[in-house]
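In the two assemblies presented below, chain A is common to both, partnered first by chain B and then by chain C.
Moving on, here comes the complex of A and B:
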């Protein structure tokens, strides 16, 4: 019955839209810094972000947004991949035909497929560049060692994701690239053949391999990647944000920061202003020397809008580049896989071509030995280089040796990939590509 | 950054517009709309017009399950007028498809006859253009290759090119080198049982046209064929797809299990003529058979010339029946480097062919040496004697370059005359003694030395070599000889002593194949010893006796090793093993 406290049914009906909206969005859109801070802190989708971000982290020339771009590419891949999953069947009889259907009649099929492929190649490249950025800025040093290790693991998972996806079209390119790649895996001593059999489910690339690679590619590896990416982001928070150089909290450093950042930035301020005893809800539970609120002067700015705009920009940029690439360049689809007809030469995907080039000199050292040493080296870098100097700047003088060694490795790898891509012809003989 | 974000978002939005446009205004929709418009114009029935006006473009597809793995054919999305008879004169893709009784689109689809890629709806991919689709749309004359997958009766009237191709397959000797299950057995070229399925039609056509284009070391002869004959062969080979859709799997299985027979039934090769052949006298039979079984795809006789093998007109003067029969059964036993495949024919056929060849009187040989040279020698040795005759590339060992004085003028005249009159065993050099007596041969040799050979050379001083092997044949001697061989000789002669050592490709004339048993058997010990000890002037064979300090005993061991490779237990009887042909 209608009365003051309990609205009648008619009222409920009239106010239905407003009530639905309000039950969904219980707090109004924030309009003040405090409101934005609270939303950043308590919103489900936003709360992985810090409420305040250091201005140095938002310098484009510092990180180039590579980490965010990598994650954006992953989102694009997950979205396009999910849509592609509606049409693809991992069966040796059907896979190639399904790819033809995708290219032919599925609405936006060509675009989807192209986006997925170029985003995949892009992600491998960007993740690699991100690793270079982290290395060259010395951002793997204490306390960020484990985050670096996580990053290396994520790199390997990304490569594995790209590799497993490469097989799925089941065309000549896919079949033989994976044959080459898994053969290289088989060169490992003792465990090599076992690893190869585990990967392929058979002695040769066939239906078993296709099914395994499909499951890995769409289910197992994305789940593992997401979990580890979650830890990777969490670690950033625990480490107090991205690395930054000494003196980045001083007012002098402000000349390097992007001018468009909004919000006041306090430089060195008188000590009496701060209230050491104030707590902010659960922030009181945060341990460690990371509770900087009101304790030290800094060049922090509010994440909303500065960080979020930067992230959206990176995401939009990634979408734009992937879209344009997808419109301009078609993903290749060669003849259906024919185990009796190897192309000459058969080449692994480009990120493994450096390996294949090395393998052409020595199967063990090129395919197993050197790569393993390289990965182990990468993993151990933050534990072997523990000097705290040179963090937060590109190519710091203090890190000349480390940076030079890394650049050397990069160049060697690049040269090997270029040789493998352009300068190798039939029977892996040297050819001139022009 | 906000500005950047805004700009990028706008561009992304604009791109979405482009994407949507491309999706919903694809060419196939234009074709369909054009069809609807034109069909409305030429329709007179109001109801039909209304239906056509109401139609919107949609993908037309046929799912074909009756012919092997599932096919999806979407060709009629563009070729929408295929079953509308009023469009018989329209331009493609709106032209009517010819009526073929009993072949409805809904049952057969399109690609089963035309090949192509059924699932695409843009022209380039649907027609299978580009490298990446193994079955591009067939040109009109080759469609019959797909018809005969169901219409398997031999000689079916609606596949004339396939039938002609099948005939050519036998007439041009393809059947002697290539296996097609159920049809022929050859072990020299690749098996062609499924070539129509695994190779594109343009690959087959070009391979027949120029065998060495894709494989420079191919020994497949380049046949003289008209365009139509090439197309016919291509049609026949395209029809070999390994699994005729109308044949039961059991029949196919049984066909594949067929053991290689001793010989092919002659009917399969010559067709209906086999009956008539039975009643002919043997020599006549040979005369009729010879052009039909592919001999003239390589050899020359009368006005037909395959330009791969020697001329057959002089056989009566050069060979006897025993040699011919051995050669037919296994050409490599007489000339190890021969390209000629063993012919899968019954004994009676060889008999007839031998009789016929031996019954043909050789042409008259002119008296003038220059004319003699052109008639007898030029085919192999070249018009100017430089070892570049028409068939020189197909012979192993290659014909001697007679213009090189370093070789020609350092050998004794007697030896040259002997080679001319008695031939060189184990090579394609035939004995010409049957048409050139001692005097004529001498005259020809003198003419060659004076006119063909360029320059001069000095023969080394007379050498002393033992006439028989100073070392008796024994396993120990052979072992020592092998050690020397692997130390000194294999770089040119190869580890297997077959003349294919790593240095061989840059040496002319090529190092001798030491496993050429007929040759080794025909050469006197003294000559082998001399060649090793003093080298062979005019070739790259060094004087091992001096350069490698091999003494007589070592050379004897080496020669014993060579004999052992050829299963000649001890030195064969001295020279002139080969049956002489006296004029």
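Moving on, here comes the complex of A and C:
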């Protein structure tokens, strides 16, 4: 035989599936700590995650998985939106007909549109709740200030994405909601009218506006959102993982130190202290209290499988809820847009109804002044509240003032949205919905 | 010390000057890119309804005419003093107002205007705009919705 030491061609054929599989997944399903580390570290989609995650970050009642659910909804939106693009034409003549075609001629067209609509509303709500979680746990504090700023920007982009998508069905609801919404933008001093003209590409909502909103909705904004989400995730790790209560990094043995041995605690203290300082690891210079040299016991668990199962659960939950909602409730589609006959009353999308309600009292202050101050306030929160106390705990006593102010803002906004949604009838006069 | 070493203390280094000019070049290029993008996004022509249009000879609008022109979003008015064009776009949030016996009503948020477009009630912050009306060379009335004129400006015909 010529090829005694090399495997024969027949052997190669027999082992083809196995060899392809092994070249695809370098590590078998891990059964050891080393394997768990390697799986997380060497897989492209998993290496965004740390090899080990703090146990506190996995507590469902700490995060409620809101960030992961928000991103899951974005994935659902990208998938369903990409599919819908195959049948949609951003033209005032065709857009509404294409919406009708989705229910008439496209297989699963209605389901996809419903999923896209409910996931979009869900994402606005979940991103907002995610912000509330971060606020109420004081998680925006040092060193996470900038990630909070990124989060506020991501909230605004989410709103803008939803707003641009609102116009695309080109029905009465879409046309007049965008007319009203962009008119609110027109109240901004000096730049307002110019901004509105730039956004609409015309003085009124028409073909140019539809095309501009379409490009923003399917290309520009998702790309910007994805890039910033990447930075948002990256910063989580560079800021030392999710926030957690002070002292939760200490080994259990040190936290519950027996009183009888209190005197010997001094001997252990330096070990705890070094965790708080900069350390030099093999991967280079890493900042933060999370990176330790040596075999110090801590509250970290392996990301595989703990974190990944949690994330998968959040994703599956998001898909399930969106799917069930899409099967039960159809996304509304009104008559084709008629620029001559506004419905009475014309309402902006629900998350802007608080704005619209305020606008009905004062156009400038309600539509531009107060929202701008609100956003600037949100952006500055981590730089104005520098107290390191109360991080990592829901509704900490140390944060009573900050949390109360935030709750007040939430309640005011919620009441305005509810009034605008349910209690405003024709001519924007107060009505009782029951 | 040699002369070259001395000169390093008093003169800008070549590296510094090159860095500075490169930086200025990059910033200038970014500025021009931003400006050209702005100009790109600001449309020079719009494809919707033309802002100047002719509506017909003055004789076709007898005294007391109040004719809403739907797609152009103006109401043509013929009063004692002549012809005028009043905007149909609500100054509150851009809805189309409907003509009533006393003036205009906005169905969106309940703004009410009198026959001249003055606000009678509701959230509207300003009266309805009036647009320039002129006689075209062929004798027809021409409305220019891109040129607002003061309230009460009539074209004598």
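We take it that the second predicted complex is superposed on the first by the 368 of 434 C-alpha atoms of A that agree within 3 Å, B and C clash if a C-alpha of one lies under 4 Å from a C-alpha of the other, contacts with A are read in each partner's own complex, and residues count from 1 in each chain.
In the analysis below, contacts are C-beta pairs under 8 Å (C-beta built on N, C-alpha and C of every residue); 3 or more make two chains touch, one makes a residue touch a chain.
Keep in mind the model is a prediction, meaning the values are calculated, not measured.
With both structures placed on the common chain, the touch criterion links A:427 to chain C but leaves chain B unconnected. Once the two complexes are overlaid on the shared chain, A:361 sits against chain C while remaining clear of chain B. In the superposition on chain A, A:320 makes contact with chain B only, not with chain C.
With both structures placed on the common chain, the touch criterion links A:329 to neither chain B nor chain C. Residue contacts after overlaying the shared chain place A:206 against chain C, while chain B stays out of touching range.
In the superposed pair of complexes, A:104 makes contact with chain B only, with no contact to chain C. By the touch criterion stated above, A:341 is placed in contact with chain B and with chain C alike. Of the two partner chains placed by the overlay, only chain B lies in contact with A:310; chain C stays clear of it. Residues common to the contacts of chain A with chain B and with chain C across the two structures: 340-341.
Interface residues of chain B, counted against chain A in their complex, comprise 1-2, 4-5, 8-9, 11-12, 15, 18-19, 23, 59, 61, 69, 72, 74, 117, 119-122, 125-126, 131-134, 198.
Within the complex formed with chain A, the residues of chain C that make contact are 41-43, 46-49, 51, 70-71, 73, 89, 92-96, 107-110, 122-123, 125.
Interface residues of chain A facing chain B in the complex, by the touch rule stated above, are 93, 97, 100-101, 103-105, 107-108, 111, 171-172, 258, 260, 305, 309-310, 312-313, 316-317, 319-320, 323-324, 327, 332-336, 338, 340-341. Residue ranges on chain A touching chain C, taken from their complex, read 176, 179-180, 182-184, 186, 197-198, 201-204, 206-208, 339-346, 356, 359-361, 363-364, 426-429.
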